[in-house]
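Each structure below appears as structure tokens.
Same chain, two partners: chain A is paired with chain B first, then with chain C.
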Partner chain A sequence: MSPLLRVEGLVTRFYTDEGVVKAVDGSFFHLGADEALGVVGESGSGKTVTALSIMRLIENPGRIESGRILFNGEDLLRKSEREMRRIRGKEISMVFQDSLSSLNPTLTVGAQIARVLRYHTRLSRRARWRRAVELLAAVGIPEPAKRASHYPHQLSGGMRQRALIAMAISCDPKLLILDEPTTALDVTIEAQIFELIRDLKARLGMGVFLITHDLSVVASFCQRVIIMYAGKIVEEADIHELYVNPLHPYTRGLLRSIPPLEGEAERLESIPGEVPDLINLPPGCNFGPRCDLADERCREVEPELVEVSPGHRVACLKVGAPTMGGGNG
Partner chain B sequence: MAEALLSVRDLVKHFPAAGDWFAQIFDRRVVRAVDGISFEIERGTTLGLVGESGSGKTTTGRIIVRLIEPTGGEVVFDGIDLLKLKGRALKAMRKRIQMIFQDPASSLNPRKTVGQIVAEPLRVHGMVRGRALEERLVHTLELAGLSARFLNRYPHELSGGQRQRVGIARALAVGPEFIVCDEPVTALDVSIQAQILNLLMDLQEELSLTYLFIAHDLSVVRHVSDRVAVMYLGKIVEIWDVDAIFSAPKHPYTRALLAAVPRPDPEAPPRKVLHGEIPSPIDPPPGCRFHPRCGRFLGEICREREPSLVTVDGGVRVACHLYRQGA
Partner chain C sequence: MRAYLVKRATFGVLTLFIASLLIFSLLRVVPGGPVDALIEEEWDDPVLRAQLRHELGLDLPLHLQYARWLGNILHGDLGVSIVLYQGEPVGKILLARLAVTAQLALLSLSIALLVSFPAGIVSALWRDRLPDHLLRLLALGGVSTPNFFLGIALIVVFGVGLRRGWGVGGYIPFGEDPWGWLLHLLLPAVVLGTDHAATISRMLRASMLEALGRGHVLTAKAMGLPRGDLLIRDVLRTAMVPVVTVIGNSAGALLDGAVITEVLFRLPGLGSLLVQGVYARDLPVVQAVVVVAVGIRVAVNLVVDLTYGFLDPRIRYGGNGR
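Coming up: the complex of A and B.
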């Protein structure tokens, strides 16, 4: 069976006055129809730009340079803007981090959901409102009929995020992209939101592409993870494999930087240095300047993502010799 | 118990719910941001103050550094009642108590160089001039892990981690004894968070600093704290030694909070979800403020009587009707 989404050789760049930002530099990955795939990275790793490229929402001075984004076998990069508008919000939906700025402050939440329905369905005005109220109920908003006539600022952060999710699932999307959906929220609300998404995913059967900086959130929600660093995928693995057997020095460093909740509280092992400037990337491996394993060759040769065991890919010259048949799986 | 450097007694801060004085004539309601809290911090230790948005933890920190005036209560620092200080005495006290802010991008003046930013507190307090100032600046930056070449840079030229180091250097410049750290690593990337946490802990040891560490991230708080106070809707619900509170939390809210935290381990038991949201501090629930969301709700007593902080086994102080003094 072919996957719901297959990204092949995606390159997205921004042409700024300071120079060319290599935001996404040759990504290959796939996402199954029923799968939750986590994309983990720090600021500037290219995770959000990857999502915006899938949605074809890259604006000037940004450009998708090359690659293919196959959604149900069709290349989204070959679609017209008109066709994309039919896909966004219907086939593929995205929930952004900041719920206050992604909702229109001058419209009630019910009206905003009804708007999406007007664009993508043939429901009557009354049916659209009824459906909006049903959706608000489905995402666990108490008194949905009343809340539908509220403006975004009248809702709490958690409620707004629920309303955004209601809007995103209003047309039963096949793929739901979540960009740091809980970063601005408290931990108890975060747990509620993920309980909701897990439940909706099971009920509606959709693929979920979860962007986060938080390896703990991924561990409790996703089946597979991609780790990105400075525009490149550095590691990809099944969720269990990644935490038991992380291979890339960056992934290992990230896991060791999380203060543990159990056990002895020891000094944290931090990753030295800072994320590189995407305009002036170092030669060779992007992580080289911060890596304690790096040698001469790492500063010259750019490592490729190779499969070291089934489903486990890593881009590091120091980790495992490439096995046969490796490459872009 | 060793000597308390800071002790807070029955601290209360009520903000008017309405915006300006005119609206306040018609709307006398108040936001009970901090509603009678007490705690002590021993010299050279860290008290972690945790809670969700609206719990009152940031307000508490700001009262201690005298950025806002409380409605009532006492803050005693090294035997001196902080809230009574005025003029010169208050200014002198500000040298001893400093603050590190959450967002280094907005707490640094974008028009000033790093050197000017870190020199400002020294200038205000008239501490050093000329050649000595330069040396002091370089030394302070080095303490925060920055080299002298940063002196002439502007905040926008720095990364998030470097900016936070400047914020730390600014706090250290006047040689304080006590620092309120308000979510100092929240805005930073994971790999940088660890660097800053290590730095703060090294500085504490080197300079025998005392910290009030305000954060919502429980794993960060566990890492840096000696004792932890958990706040909910303007009240402290539990306060105890860090290891004890994380291994055997008493208050149902502390338990729920810990159970909601995701672990970086796919084999970990699923997160337990606490339902509902933190109620409005304008009109907090009567009795125990946590009772509408509590899994151990006992009935009438929780709805009607507000539990006070009592000391139970092992010295934990907890505000919950499930526990009796000394039990």
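Coming up: the complex of A and C.
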């Protein structure tokens, strides 16, 4: 069966005055209809641009250069803007990180949800409002009928994020993209929000594309994870496999920088160096300059993403050879 | 919001009071007075002067003069013209002049809004592309062309240059001849309107560009909302507050009377009355014009404040009122 979403060779670039930013440079991945896929990487690694490319929301000076984005088998890059508008918010929805700026300050949250329903459903004005209140209830907002007529600034951060999620799921999307949905919230609220999303995903049966820089969030929520670095996917694996057997030096670095929940932490490590300039990428492997294992060949040859075991892909010249493919992680 | 409005209204009254005090004192400092204007040189003599001053109440101590003037205003009496329209009540003169200025202001503001909104919106949506460059150049021209220059240019072209003379200058009441009314008001309204259109469109462009970058615009796009809805409810509405401030300023300035333009086109408005009053040292007239002009400003600003509340619920409900 073909997956819900299949991205093939996606290249997205931004033509700035300083030069061409290779924000996403040849991504291949897929997402199942009922799957939660995590995308992890530092800021500027291309996570959000990947998501916006899927939504076809890349704007000047950005351009999707090539590739295919197959959603239910149909290439979104071949759709007209009109067709895309019918897909956005209905088939594919997106929740952004800062709930205060992501909601319109001049409309009540109920009105904002009802507005989405207006363009994607045939509900009457009153039915739309009723549905908006139902949705607010469904995302766990107390007194939804009252809250529906509140303005965003009158709600707490957690409630705003819930309202934003209510808006995103209002038309039962098949795919929900979450772009760091909890960065603006404190930890207890963060846990509640993920609880909610998990619950909604189970009830509505949708694919979730979760962007985060936090591997521990991915561990508790996703089945599979993609690690991005400087516009490229460097590793992709089942979440279990990734923790047990991380192969890319960058992934290992990321894992070493998370404090363990139990036992003694040997030492939390940081990855030395900085994210490369996406305009002037180093030759060879993008991670090369920060990698302990890098040698001459790494500085010349760009590594391809290769499958080392079923479902586990990695782009590193130092792995993939049988000597390192096994269980020494 | 109510407390805020009460505060603003109080400030408004205070502003009016200070303005009245200022204009009263300033006019007393200026050399020359109504008596000089009234007495012909050959008749000049100290006894006559003293008598006139007494009749006009100008021999009273200044604070008494001020108190009497202020007291009369509170009773709706703006005084009597001394020089210009000898003996006529200032209130009546003012009303007639204000009517002309108000018509001119309305026409000018309509032109300004009709030009600036499409221009500002196109400029913002086609940012840094050809339409934007052209419109910005035009707006820059509009801002930097002095009104007297554009006014004279229009008079030369339409009043003198055209074969079929377009009656330029003066005022014809709408009731007498609607077409003539429009012809006579149109040119000065274009002069004033383009000036304000330039300011408003520049503000609209800047404010829209800021609004376009806000998160909720991206959310609205991600929800598949159509462009029109997005433009009106996400971009324009949230971009409106600074624009309304500028429009309010324009409306206030226009209603105060455009001195140069009114004089240039010989329109019997508030602005030209002020100039005539100053030349004639007609103290009650000048004082009344200034107080009324300040009053108009205060009122317009209050309307602008009310509009903010309508546009932005954060202002309507104050800080974090749950």
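As a convention for this text, the second predicted complex is superposed on the first by the 318 of 329 C-alpha atoms of A that agree within 3 Å, B and C clash if a C-alpha of one lies under 4 Å from a C-alpha of the other, contacts with A are read in each partner's own complex, and residues count from 1 in each chain.
Criterion: a contact is a pair of C-beta atoms (placed from the backbone, for glycine too) under 8 Å apart; a residue touches a chain by one contact, two chains touch by 3 or more.
Every value quoted in this text rests on a predicted model; they were computed, and no experiment measured them.
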- [ ] Could you tell me whether chain B and chain C fit or clash when both sit on chain A in the superposition?
- [x] fit
Open item on the list: According to the stated criteria, A:Val275 is in contact with first (chain B), second (chain C), both, or neither; which is it?
Closed with: first
- [ ] Examine A:Tyr151 and indicate which partner it touches, taking first as chain B and second as chain C; both and neither are also allowed.
- [x] second
Task: Touching partner for A:Leu107 - first (chain B), second (chain C), both, neither - done: second
TODO: Using the touch definition from the top, say if A:Ile189 reaches chain B (first), chain C (second), both or neither.
DONE: first
Open item on the list: In this superposition, which partner touches a larger number of chain A residues, chain B or chain C?
Closed with: B
Task: Partner chain(s) touched by A:His240 [first = chain B, second = chain C, both, neither] - done: first
Open item on the list: Quick check on the superposed model: minimum Cα to Cα separation from chain B to chain C, whole Å please.
Closed with: 8
Open item on the list: Shared contact residues on chain A, chain B side and chain C side combined as an intersection?
Closed with: none
Task: Complex contacts: residues of chain C adjacent to chain A - done: 214-216, 218-226, 229, 233-234, 237-238, 311-314, 317, 320-322
Task: Sites on chain A touched by chain C in the complex - done: 55, 57, 84-90, 93-94, 96, 98, 101-107, 115-116, 119-120, 150-151, 153-154, 164, 167-168
Task: Touch list for chain A against partner chain B, complex - done: 42-43, 156-159, 186-192, 194-195, 213-217, 219-220, 239-240, 243, 253-262, 265, 267-272, 274-275
Open item on the list: Could you list, by residue number, the parts of chain B that touch chain A in their complex?
Closed with: 52-53, 159-162, 189-195, 197-198, 201, 216-220, 222-223, 242, 246, 256-258, 260-268, 270-275, 277-278
